[in-house]
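The structure appears right after this line, and notes come after that.
Chain lettering (A, B, C and D) follows the sequence in which the chains are written, and residue indices restart at 1 in each chain.
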Amino acid sequence: MTLILFPCYKAKKAREGSMVKKIAVFTSGGDAPGMNAAIRAVVRVGVADGYSVVGIQGGYQGLIDNDLVHLGPRSVSNILQRGGTILRTSRSEEFKTPAGREKARAILEEHNIEALIAIGGDGTFRGAVALSKIWKGKIIGVPGTIDNDLFGTDYTIGYDTAVNTALESIDKIRDTAEAHERLFLIEVMGRHAGFIALESGVAGGAEEILIPEYPCSLKDLSERIHERRKKGKTSSLIIVAEGCSEGGAYQVAEKLKRMEHGDYRIVVLGYLQRGGSPSARDRILATKLGAYAVQVVTQGISGVMVGEIAGNLVTTPLPDTWEKKKSLDKVLLAIAPALAT
Amino acid sequence: MTLILFPCYKAKKAREGSMVKKIAVFTSGGDAPGMNAAIRAVVRVGVADGYSVVGIQGGYQGLIDNDLVHLGPRSVSNILQRGGTILRTSRSEEFKTPAGREKARAILEEHNIEALIAIGGDGTFRGAVALSKIWKGKIIGVPGTIDNDLFGTDYTIGYDTAVNTALESIDKIRDTAEAHERLFLIEVMGRHAGFIALESGVAGGAEEILIPEYPCSLKDLSERIHERRKKGKTSSLIIVAEGCSEGGAYQVAEKLKRMEHGDYRIVVLGYLQRGGSPSARDRILATKLGAYAVQVVTQGISGVMVGEIAGNLVTTPLPDTWEKKKSLDKVLLAIAPALAT
Amino acid sequence: MTLILFPCYKAKKAREGSMVKKIAVFTSGGDAPGMNAAIRAVVRVGVADGYSVVGIQGGYQGLIDNDLVHLGPRSVSNILQRGGTILRTSRSEEFKTPAGREKARAILEEHNIEALIAIGGDGTFRGAVALSKIWKGKIIGVPGTIDNDLFGTDYTIGYDTAVNTALESIDKIRDTAEAHERLFLIEVMGRHAGFIALESGVAGGAEEILIPEYPCSLKDLSERIHERRKKGKTSSLIIVAEGCSEGGAYQVAEKLKRMEHGDYRIVVLGYLQRGGSPSARDRILATKLGAYAVQVVTQGISGVMVGEIAGNLVTTPLPDTWEKKKSLDKVLLAIAPALAT
Amino acid sequence: MTLILFPCYKAKKAREGSMVKKIAVFTSGGDAPGMNAAIRAVVRVGVADGYSVVGIQGGYQGLIDNDLVHLGPRSVSNILQRGGTILRTSRSEEFKTPAGREKARAILEEHNIEALIAIGGDGTFRGAVALSKIWKGKIIGVPGTIDNDLFGTDYTIGYDTAVNTALESIDKIRDTAEAHERLFLIEVMGRHAGFIALESGVAGGAEEILIPEYPCSLKDLSERIHERRKKGKTSSLIIVAEGCSEGGAYQVAEKLKRMEHGDYRIVVLGYLQRGGSPSARDRILATKLGAYAVQVVTQGISGVMVGEIAGNLVTTPLPDTWEKKKSLDKVLLAIAPALAT
């Protein structure tokens, strides 16, 4: 294969006179399928590019606890296809305190870490920004969360797999819904964002989709169900994002019951959506963003999240990733009602 | 392929002088993957064997409502791989009354149905026995339920798929459990029987399995969790059959919380376990039992459930199927603790 | 859900005075997962938008043979999740002749079809252009092919599913490759384009990827295999696009054998890549493009393919779709060698 | 969970005075899904039962090369769900020579191995019998092969997964077959036995199944295809076991072509059938047989294969496993023609 050179390979020489030598990588917050693919790319591209790479085990808490491990190209063999994260993750209360972050800084300095690659969601990036106030090294964020609610990238790592997992569940439940002519409420993840609900709902042919972004009138919904029944459609799937204005699936069900829709069933997908072997799209996105994070380190940039927008690799200042709002797909929102006849 | 003749083909001639001409088939109770494969086998083997076959849509209620449809070999094309049931199912309150059953009898006589093949679980078979008190036709049961809790067959149709579905979910949750070092409670189906819990738990490498058949001491369980933590095993999967003596996953969790296991997560698989394309084993079992049900009709037998025990096709009087108790696999029960190190 | 109005709904009124009333939709060429989702969207959005929709069964040959069927919203129930195409497809020799196309024109006029929505690949679109020379109706192409080799859309319908299917196969073969320490050659689809090979290869962690776009030196490849063996890596997966410069997997294997790589195994994925339930991404893309095709008809446009580029719905003149060349992902090409350590 | 004691736990004390202390386990021949589950059970039950367990890496060749590794309960964590074998496998030419086996004997004695648990197929067991002529230790076989062609067990480890993998492929190809109205020849594994072909064919609704056990008349088959076409069934799936009397799929296709069935397609599933995460049934069978192999060692038995027949754990002298012939399911053979209408 004749190679079109990627700037990071050219960058190798330029970097030789520079000071960055050791990169640390970690995963934090909720795990997401594809995190391992991102770790693998950071390590293999990092090593190919002349860096020494260490992994921090257990997120920010692992950093505080000095739980570091050297990662060579072979350390990340055979992990590309695995869900979860070999570096584990955590939600650290200690890191939220100045004393905790001070400990983290000390460990980073002790090990001469010059750049930190943080794979996670907005909580992870908030922590990174706090750390950057007291530590001089570079910090690069990689968007790893199934929720897709980060500004600065079209998709986050793990989102495509989570949507497909939700979709497989919806397909299965439809079998039963049609066999029994029943109303099903399926709760998917999404405390603040309706990405998973909207995409899995449209792809699964759901009759209704309730998302946090739009206030939902259960009265109107109830009327639509009644109308469909009159037309002979006796089974319905309603997708409920957990952060819907009317509450999660249990609360919505309670309210529908009062509107005389007695025979409903509830399924809460919950943690199922986090696991599983990552999809092709998630492995490729994770691989590209992991490689790009190394390149960004080489370019001397800090305080940004790497992402992919319209097929281009881009960087976004970390605070923008949670302060700015990424929109739902307007076309899907518009056509959803016509599809759910 | 040179054929070893199956008795039902020889039986064709013998039957020619007899009176049975029309068979009705239906599905009832909870749907199970493989029901469509059983319907297909009844229709295709039935037609090959000289019968006319009708399908009753919507279980016993559909029978009362005279919702019958003629089924030819092409009516059941392309359904073998589908979950749910093309004949739909229901739980009929009306059929539980003498008046409802009287209506059912009238419909059966109106259509000259001479044999009824009922695919379902113990509720379905209880209904069949009640019907047989007032109707003279033959009734054959086919075990279609994911719970596997029928005496008279090693496995019921749908069970293998349900175990594999539960197992895939357990595999996914393990990714997250290990990433976070957490305790997970996973509730699987099984109100009265621990088959799904035991097999999916052993196959999924669960640390603990709680089943209805054995009283479970949460105090002992709590101690084992603490011991494993001391040995460095920080994540645990606990499979809870919904009919466990200590309650479902939410109730068990509440009790464990009081024993200071704070950081647990709950997943209730619920209706997910009913759906999906049936496994090879379920399609084959359904195909064999559907074909055998037709043969049993030809043999003039009534009031039995067909089943497979130790590789042989057998019949069992319908009341035995729910009155007698099928045992869990003793070997699995015995070795489970050694495996969950 | 408060709706952001999609222009096609506003367009409804504007269109009322216009002449277009009946749309025909068909699938042609190789089938691709998601074609059914596109048909469903054309029908449901078409009907919501005031059109009457007919389906042509069996591609261009079905048109010639007058094999048309009316499609209402219920005709396309429960097909969203199915592989293949309910309208069937074909490769018609007759349509390649002027007489054949003349027959097609006559049928279109007989039925008062005013717009034709053609779901398929470049062969389908060439046919559409030929037809447009003698027929006055509007023709809109929808990109449905697993190969992804159409200019004018980032992805074609079916591609994401095909990559995931290839990937699952690669994951499975890796199990055996590592158990046996063997060299495997896996041939994927792609006569003229390396999209499937490149993405499934990177996502599957393949050691080598041979694609039509770049001449490949088997001598260099052989040396890299020897080098990896010296470093202890005894198993290798080589992905071969069927249109690779050195031939398909069997021919490459023959040549490697002469270079003393005796212990290799071959797997040709072939038709497996066409089937299966479409992925979330393919269902969503198909749904959006099907809906957009209807809108484009309403706008009075003809002779274009609808597509999605950088998240925007766009149209491209049909001849451009096969005359212009879509590039492979440059980042993946560049980083692939560093990943395959 | 109150435990019903499995004899191997009671056996612990009885064994304490005995001489067996160290067990070696290995996998050999073609890999099969579930081999890792069997290794895990041998190790965990072995250790629970007081043994020290070592793993031989790379089959008989690894034994000759002294490639042994100690296995504790944690060594086999998180492997239950993985395809392939962590101990790798091989086909050793050296072991087929007396000198090779002499080396193997020396290694076994050097390490004080007192029992060898061999997971594999008939080739593996033939090797075990040859070794037993010169080595005094105990040898127990565990049936691990996707072909299911071993006498002494209803199913072999890996068979259920292979059938399901073949079935998923058949389901996918049916999508395309129906879209194009085509004849497909699908070759599945089975050089000497038709188990995979028969079960995946019946479960997949194949129109024809060609197996090594019965001579097949292509002339009759050709006539049946023509007849079905007359009845309007234009697509057909023909499953061909690789060891069919008329040859594999390519040879059968060549012969059908001469009988004027021009438009056929071929798919050879090949190595795909070996890989993948094992099914629930395979994990459970592997777990039970691995545990039982340890118990059999404790009982002082040697030269047998463990198996499960009609739900009971049994042993069979190793030579019987390949000399005696296991029959195909007679019911499936008999009903297959009626199903393929």
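The rule is simple: a contact is a pair of C-beta atoms (placed from the backbone, for glycine too) under 8 Å apart; a residue touches a chain by one contact, two chains touch by 3 or more.
All values derive from a computational prediction rather than experimental measurement.
Among the remaining chains, none touches chain C as well as chain D.
Averaged C-alpha coordinates put the centre of chain A at 37 Å from the centre of chain B. Each chain gets a centre from the mean of its Cα atoms; for chain B and chain D, those two points are 28 Å apart. The distance from the centre of chain A to the centre of chain D, each centre being the mean of the chain's C-alpha atoms, comes to 40 Å. Residue positions of chain B touching 2 or more other chains, listed in rising order: 171, 174, 178.
All chain pairs in contact, by the document's touch criterion: A-B, A-C, B-D, C-D. On chain B, the positions that touch chain D within their shared complex are 1-6, 8-9, 40-41, 44-45, 47-49, 73-74, 78, 80-81, 154, 160, 163-164, 167, 171, 174, 178, 199-200, 202-205, 209-211, 214-216, 277, 279-281, 283-284, 287-288, 291-292, 310-311, 313, 329-339, 341. Those residues of chain C whose C-beta lies close enough to touch chain D in the complex are 27, 31, 33, 35, 58, 82-85, 88-90, 165, 169, 171-176, 178-181, 184, 265-268, 270-272, 274-276.
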